[in-house]
Each structure stands twice: as C-alpha cells, then as structure tokens.
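Before anything else, here is the set of structures, which you'll find just below.
Both complexes below contain chain A, partnered by chain B and then by chain C.
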Partner chain A sequence: MKLGRIAVIAVVVAAIGALFAFGLLRGNPDDRNITSNLIGKPAPAFALPLYERYWTDYGETFALDDHLGKPLVINFWASWCLPCYDEAPVLQQAWQAYGPQGVQFVGVQTQDRDKRDEGRAFIARFNLGFPNVLDNDSLVGVDWALYGVPETFFVDASGKVVAKHIGPVTPEVIEQQVGALLRGGA
Partner chain B sequence: MFELQLGPLGSASVFLAFGLALYGAVAGVLGATRRDARLQTSARLAAVAGFILATAAVVVMQAALLTNDFSVSYVAGHSRIASPTWVKVVTMWAALEGSILLWAWLLTGYTALLAITAPLSPLRPYAISIMQAVQVFFLGVLAFLANPFKVVPFPPLDGPGPNELLQNHWMMAVHPLLMYLGFVGLTVPFAYAMAALITRRPGTEWMTQTRRWTLTGWGFLSGAIVAGGWWSYEVLGWGGYWAWDPVENVSFMPWLTATAFIHSVQVQERRRMLKPWNVLLIVATFSLSILGTFLTRSGVVSSVHAFGNGPVGPAFLVFFLLVTLAAFGLLAARWDDVKDRADLDSVVSREGGFLGVNILFVTLTAAVLLGTLFPLIVEAVTGDKVTVGAPFFDQTTLPLWMLVLLLMGIGPLLPWRRAQQQSLARNLAWLAVAFVVSGALAWLLGVHKVYPALTVALAGYNLMSLYLLLSGALAPRLRLANRGALQVFRSYAVESRRRVGSMIVHFAVVIVAVGVAFSSGYRVDEQLRLDFGSSAEFSGYTLTAVDRFMERTPARISAGAVIAVTRNGRPVTTLRPRLNLFGEAGRTVPTPAVYYTATHDLYLNLNSSVGPDTTFVVLRVVKSPLVTWIWVGGAILLLGTAYSLGGGRRTVPAPAHAREKHEGAPA
Partner chain C sequence: MTGEAGLRTGVLAKVRALAVARALVVARSLATVRGALALLALAVLAFGPFATAQDASSAQSVQIGSRAFDISRNLRCPVCTSESVADSSAEIAQQMRALIQEKIDEGLSDAQIYTFFQERYGDWILLDPPKRGVHLLVWLLPVVVGAAAVVVVISMARRWLAASAKTEDVSQADLERVRAALAGAAKVDDAATDVESDKGG
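Coming up: the complex of A and B.
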C-alpha cells in the first residue's frame, strides 16, 4: 500500500518533470541561434565616422561600399556591454591573423550615443588595430536588425551576409566562419 | 598597492554561508537522531553564523552598488552611475542573481531567528535542518550557478542600469521584498510540517508553533500581490492591475493555497481533523513558490516579466521536483499516522465551512495552474502554440470567487460540530435579507451587469454577517457587564485579537472584491488624439492638451504632455503623462498619470512620442470606478493581519470545549 502510494507520487512528479524538461529543451525565442533575415542578402550599406587613430589608414569616414569585394567581419559593440570586453581581445587577435589574408574587420560602436570618450578608452584598452566607427544614432544597428550587442556578421566577397553570431565571439567561431569566407572566396 | 576587492569578499561570504548551511543541515539531523544536544546546538549556532555571513554578502553587494564598483559582475551588468541612490539600493533585487541573494539572505535571517526563538521541542532540530537544507539550495545556486560577485577582469566605465520598467516606480523597491518575505515566511511552517512527519508527531504542535510565522508570511505575500498590482497599474500603461500573466499567476497560486492553509489549520487545532489537508496545503504552498520561481526564471512559459535563461532555471526545476517528491513521498509514507480518525459530524458546521474553503481555494489553484501551463501542455502534445488569456481565467474563477464570498459570510457564523437549526435559520434569514436588499439597491442604481451586481449583494450579505458576528459576541458581554458598549468592544477586541483580526481581514476582502468587480466591469477605455491647445470630452471630463514638456535628470529624460482636466468648466487637476528614457541605450517607458478619487480613477497614458516639433499627442484614456478601493482594502487587510498577530502570546486558543460556547452562533 505504502509503496503503491509512493510509486503513484513518483510517476506524477516524473510526468511534471518531463513536461517542464520539454519546456526547457524546446528552447525559446531568446536563443542564441536566432536566425537573421539578412542572411543571403546584400550587406546593408553604411558610412560612419572613424575614430581618430584610424584616419591615416582609412580616412575620416568608413564606407562599407569601399570595402566590398573582400571578406568582411562586422562587429557591433558598446562601451557599456560586458561581453564586448570579453570578445575584444579575440577580435584583435583574429584581425592580426586574418587581416594579412585580406579579411577586413570593422567594429561598429552602437547603442552608445555620444560616448566618444568611452569608445576611445575601449579601443585603447584592447589596442584594436582594425577600424572602429561610431553609429551615434544607432540607425545602422537598426538596418542590421540587431537583437543586442555584441553581434558579429560575416559578409563574403560578393557582399552577401553569410552568417551572424549573437553574443561574444570565440576563437572557434572566428576560425569556422572566417575559414568558410576564405574558402568560399578562393 | 593593496586594494580591497569587493567581489572576492562577497564570494567568500556566500561560500562560507553555504558551508555553514550544509553543516547545519547535517549536524541538526544527526544531533536529533543521536540525541546529542551539543550537535544540535552547533547546528543552531551555524544558523546564526550563516545569517551573519549572508548579511556580510548583502552589505558587500550594497557597497559595490553604491560605490559603482563595476569590477563586481552584478554591478557591471545591472547598475549605472547616473541612477539615483534608491535605485542603486533596489538594483540588488532587480535581476536574477541579486534577487536570489536577497531570498537567501532573508532565508538565513528567518532560520537564525527560528534558531534563537523557537521553543525546545522534538520538532525544532529537524525544522531548522530543513530550513538549512533549503538554504543549501539557494546559497548553492548563488555560489556555483549565479554568483553575482564574479570579478570582471576589464571593468566597464559604466553599466546599462536595471530594467527600465523597474526603475520607473518606487513600488519596485517594495514588491519583491514583500514577496520574498512571504515565501520565506511560509517556509517555516513547511519545515515544521516536514519535521512533524519525520518524527511522526502530526498533531497540532507544528502548526501552533508556527502560527505567527504562517500569518506573517501570508500577510507579506498578500501585501506583495497588492503592491505588484499597484506597480503594474502605475507603470504598464494599460490602466489595469491584473492581467493573468504567468508571473502574476505563479505568485498568486502559493497565496491561494496559503489562504486555504491558514483557514484549515484552525480545524486541526479545534477538532484534530483535516490533518492531511494541512500538510498537503503547506507542501503545495512551498513547492508552488519554487515552481513559480522556476517558471519565471527559465522562459518555459512566455511572459512579459521573464528574467532570461541560464543554468538557474534547470536548478530550480530539479529543486522543485526534489521537494515535491520528498514531501509528498514522506506524506504517503506517514499516511497512517496522519489520516483523520474523526469524521465530520455535519457538513453544516464550522469545520464543514473550512473544508469548503479548502475545496474552493484548491479548485482555484488548479484552474490557475491549468491555465498557466496549458500552452506548454498543448505544445508538448501537439506542437501547436496557443495562449490562454484573461477570458479563461475570468470565466473559470469568477463563479468560484462568488462562492468564496458566499462561504466567507456564512462560515464564521456556523458553530463547531453541528449547527443548531434555530439560530442557523435566524442568521440565514438576516443574511438573505441583506443579500436581497443590497442586490436590489445596486440594480436600481443602475448596476445591471451580473457579476458586479452579485458582488454588491454578497458584500451586503458579508457586512451583515460581520454585524451578526460582532453583535453575537458583544451582546452577552453587554448584558453581563455594567459598562458602555465602546468599553465592552474594546475589551473584546483586546481579548480576541485573532477573531477581531479575521473580521477586519474579511471586511477588507469585501472592499477589495467590490473594487475589483467595478473596476473591471465598468471600465471605460478610449484612445484620443489631441492637438496642442485643443480639448476633447471624455466621460464627463474635458481634457485639454496645454503644452508639451521635457525634463532631464542625470538618470533619465522625460518628455510628455501637460493635460488640463476640467469638469463642468471647473479645473480638477493637471496630469502629465510622459515617456521616460533611462540612459543612452535604454528603452523608453511610458509612464501614465493617474487622478485618484474615491469613486473612480482617471488614467492617462501617452501613446505617441513627444518632441520639440510635435503638434499633437495620442492618449489612452481610461476611467475605471473604485480602483482605489483595492489599494485601501489591501491596506486594511494588512492591518487586520497585523492586529491578529499583535499583543503577545496570549492568543493561543484554549481547548475546544472551553471556548466553544463563546464562539458559536450568536444567541
């Protein structure tokens, strides 16, 4: 009798557990693998002011159109965004590795109105060699349909967006995505 | 240079508190089974030390928030330099990790208080150990899964600040605090109930010893729900206070079962009956509070307030399943000790009424639970996505609420064991008269909707019931004593705090019920477009868009409209509905402006943006009657709860036979 009652309770609890486990595993809209409608489409153009340290190499404005034809890695960040601090060194390393192979990296500071000093401090802290621009009105972020920061887009040599990564990039992600860009472009 | 690092200091406090909780949970049980007083004492000391350490963690967190120490991950993720001080303080419970810290801290506080004040009994060591086992879970989550004290290697210069909706109203400082005080308070009777099952002492000891904890917890939970409703009314901008959103539902379900519990325990105290019900209800209350936390922290049911995901959701799920399995398993194993030996003498009796309360509140809980989980069940079975909206909850729960009001009036008038036909018939006649008269009056005054009219009728009926109760208690005293009515009432109110407290609470429920019935039944809701300088009529008022305005504080930018409100040509008030923007990257939050009166509220929310060049505004205008009654009723309810808790420990009831005569039906 006693065992029977306990067994019934165990079965009921297991059923509830299964239901909630399903709820957890089915994922939800916040998931990292949210797909972007941009994938397979041409990269939305932008021309934004560069930070001073890049002026000698790139001029005062960075226009995406001028760089189409090369594989592109476009990273959106903000000075208040914690994971951006995690990924910045990864991006700088990747830039040093892949820049010479013809991959253009560009950092877009967004959702960060008038935070120029903070932007400069961020760039200086990680000594970012790839060009960084300020999207002061966050409008480019809207064009690229950002869900949040950081997000990183990979654009192939024909100017099409091929992949999007939400959250901080890791060396593995860079290797996989940029590797694909380089193979596709060859 | 040596620098004091707050992050490691906080982490260390949490880890040490975790270790102490683990030690206390094990030592307490070992001490009890081996009858080793020294082990038991060490477990109690561990409870006190655990509280001191958890307090240290909270102090460190507050220090980090107030000094903008962005090397502490929680501060970096959720605070902002420009926030005003009060926002920084409450930021501690504006996001997941911090709210778990608050919960764990309150839990250690209650455990320490219990360890110091609980009278020596065979239950005590087990109860404290169970409290500490619950601590192990919360502190463990804090230490290993959601540590708010992680060190940020490259601290940002500023953070994003807490969720905008939470910054927007001071009520956010109050609501979560009350909610956790409620949940934690109700953990005490749960721990004692488990101790009673473990020690095979399912008598009344566990509930009389925790009566104050239970009532306190229930009071806090009630306050939390009312405060949450008020917050939602003042912030969310749709002019309502309750939307049957999953997050609201999950805070409501433990309240429903706790309400049943505080009624049902009285039967066990008096008649040694409904023992399994009481254990069941307190287990349900505790596990529903954990379930609620799981549902809101995991994104399993979609809701406007979900906190995002991570390993914390699954941890709460595992804990919920463990608690449910252990508690119900223990109940099943001890069933032969627990089950009632006496039967109801008659359904028409006080205990019959209490049984009815149990059935109604458990049915309400089941309806709310089903509605909340139904989308998940459907998706699991068929893969379809469905939503369950307010109409489901209204249709299923409204008839039950009416029955609750019905029972609330008649139940307290019934004597224990068996009602005497004569006095019952007389009381019923009076109740029926009050019901019919107030219902008819409402109908004549134009209340032609079913539920509001029924609520008025039931309100009159309940007021009559309260009058009968009071006069029944006072009349014999008046006859015996040679004193004035006021003096007699005063001495009665002091002697029977519990009884009078319950009358105050029931009165408050009537007020809230009328407020809810009218504000939802007779709400007028319109969208208006107003050019600046022009006016529009709305429900007896004239609204004139006078001007736009813009305010800037370090923490936020507000832009809004100045609306002059007049009635019959006389100025009534000026309302400033606005949009608040917190920080650079923040979301704009519409902030309604409300004109409160005793009979109705005028509620304006801005549905369009306002800039220097705007020439018009779009307003959502809501007029809902008697909303204020809900807040006032909530306050009275808390006063009643506090009243029945006050006044020392003389309120432990005398044995049934000694008092039955006084508390039966009025003579």
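Coming up: the complex of A and C.
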C-alpha cells in the first residue's frame, strides 16, 4: 500500500516535471537553427522594387520567378542590424566569386520600414554589386518565415529551398552551401 | 519604444515635473482655496499632454479588430522571447497583425490563418500547442492529473468519514472507569469554583 502511494506520487511529479520540461524546451531559441518549414519546398515568390543603382542591369523590379533555373542565394538584412554589416563584405566577395559561375545573389532589406536612405547608405558602404530590394512592409519576410536578420537562404536550380543560415554568413558557410548548389547540377 | 517616443516621454516627464513644482510654489504662496485650485489646474495641464501623447503613440500602431487580436494572441512573435504577436511592438509583429487583419478581410477562417503561419514557421509559431502528436500530451496530462487528484481526494475523504463513523467495542469495566473519572473531574471543577467565589466575596 505504501509502495503504491509512493508510485502514484512519483507518477504525478514526473508528469508535472515533463510538462515544465516541455514548456521550457519548446521556447528554446536554439530550436531556430533547425526549424524551417521551407526546406525542401519551392521558394516563395516575390517581386520587389530594386534600388536605383541596379535598374540598368535588372530593371526597377526584381521578380524571383525571372531568376528560377539557376542557384540562388537570398540574403535578408536590415540597416539597423549590426551582424548584417559584418556579413555584407563576405556576400560581396562571394558574389564576385560565384556570380560569374551562374549563381544569382539577391539582398532583401526587411523589417526596416521606410528606411530607403539607410538602405542606400548600407549598399553604398559595401559597394554591393548584387541586386538589393526593399521589402518595405516585411510581408516577404513573413512568407520566408524569418525569425530575424540576417538570414540567408540557398535555393537550388529547380527553385527548391535547400538550406537556411541564421546569423551572419561566413566564407565557410558560403563555400559549403554554394558549393553544394553548384555540385547539385545548376 | 522607439527613440523618438522615448525622447517625447522624457520631455513630457520633465514638463510635468516642472508644472507640478510650479503649482506647489503657487499653492504655498497663496495658501488659500484659490491656491489649491491652481494646483489642480496645473496638475491637469501637466498630465494632459502626457495622456494625449500616449494616445498618439498607440494610434501609430496598426488598428486591428478583436478577431485579429485574438488570433495574434495565439501566435508567437518570431523575433521576441516568449511574447505573442499581440503583445510585441517589434516591427515584424506589427506587420503580422496587419497581415492577419488582411486575411480576415479576405474572408479566411481562423483555422486557415493559423495554417498560413504554420506552413511557414511550423508548429513553433503557435503559442497553444496543436492538439495532435506529442503535443497532445500537454493537453491530456493536466486532465489526467486533475482526474487522478479528484479520485485521490474522494478516496481519502471516504476513508476519513468511514474512520470517524466507526464504533469501538468498549468493555463495561472501561466504561465505569471513564464515568468515575468524569465524575471526579466534575467534583474538582466544583471545588475550584467555590474557592474562586470565596475569594471574590
């Protein structure tokens, strides 16, 4: 009888403990590194206004659909985001290295409403050669299920999202992910 | 709070403090009913702009209906820690609230709107875990534990009631001893009462 009572108490305590553990672990920010429903799915389409310096090469609007069929690197950034300043030179170097190989890079300024001047200054500061657009109402950011900035998505030639990187990209990340895109038969 | 809003609040706080200080000086110098009235009037002047600024600040946020608010309360703000889309002032949360209102205006049901966000962010975006899979445990465990607690309380209460209602067989000799003890105690009580009354008299 006494043993039975101890067992009941142990079960109740374990159940409450399991609930607490579930609640705590569910909100763990580390989950963000593995949570993306977009992986393996078609890249959500968007058409956004380009900054003026890219009009000559790309026109006034950048539509993702027009660039499907080649590997894509889509980087989301904001003018207030300090890690974005760290990764911008890396992206520019990667663009210079992989652009001629047929990889299309695009920068999307998001969560940065009406910050066009700041966006222009950011682009000019790093002399970004790849096209950059403004997602003024951040709706494309929601479509791409952003948690914050910077985030970078890698899309293969079939238009499928194959990887996502949260935080500033490094040359190693670019080499690994873009290398995989190119090996995948772009 | 934005830098501009913070600056505005800071300036208003200084203006308010200045006005209240000025009102105190006026009230002291007059020391009459008129002084008190002046204090009240200046206090109203001091707090008035603050209230207006608060209204203006909240008016900057996106206006959404109660249904959109209820939905946004059940969605997690992606860039925050343990904060709902309804509670957060982050830009993405504001955009999500506007997006929810847009979806409602388009005629989507609540379930369709939740699905829209789940398809993009996964179940993580829901503050209430979905009632399926491993998440079902979160919904069922409290019910099971609650039911178990009720069963335990009822069984314990029954046991206590049964124990209190149970009669014991007592021998005649024991009964006589108890009666004698009670009678003796009563005599002692009477004697003590007499002594007390003698002292009082």
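Things worth noting here:
Basically, the second predicted complex is superposed on the first by the 155 of 186 C-alpha atoms of A that agree within 3 Å, B and C clash if a C-alpha of one lies under 4 Å from a C-alpha of the other, contacts with A are read in each partner's own complex, and residues count from 1 in each chain.
Assume contacts are C-beta pairs under 8 Å (C-beta built on N, C-alpha and C of every residue); 3 or more make two chains touch, one makes a residue touch a chain.
Only a predicted model underlies this, so the values are computations on that prediction, with no experimental measurement involved.
In the superposed model, A:E172 lies in contact with neither chain B nor chain C. Applying the stated contact rule after C-alpha superposition, one finds that A:K2 touches chain B and leaves chain C untouched. Of the two partner chains placed by the overlay, chain B and chain C both lie in contact with A:R113. Touch criterion met: A:V142 reaches chain C, while chain B stays clear of it.
In the superposition on chain A, contact is made by A:L82 with chain B only, not with chain C. Once the two complexes are overlaid on the shared chain, A:A121 sits against chain B while remaining clear of chain C. In the superposed pair of complexes, A:F22 makes contact with chain B and with chain C alike.
With the contact threshold set out at the top, residues 8, 16, 19, 22, 26, 29, 111-113, 138 of chain A are in contact with chain B in one structure and with chain C in the other. Contact residues on chain C toward chain A in their complex (touch as defined above): 78-79, 81-82, 91-92, 95-96, 98-99, 118-122, 124, 129, 137-138, 141-142, 144-145, 148-149, 152. Residues of chain A that touch chain C in their complex: 8, 12, 15-16, 18-19, 22, 26-27, 29, 31, 35-38, 111-113, 137-139, 141-148.
Here chain A touches chain B in the complex through residues 2, 5-6, 8-10, 13, 16-17, 19-24, 26, 28-30, 78-82, 85, 111-115, 118, 121, 125, 138, going by the rule given at the top.
Those residues of chain B lying in contact with chain A across their complex are 73, 76-77, 152-154, 156-160, 294, 298-302, 308-309, 313-314, 317, 321, 324-325, 328-329, 332-333, 335, 373, 376-377, 379-380, 584-585.
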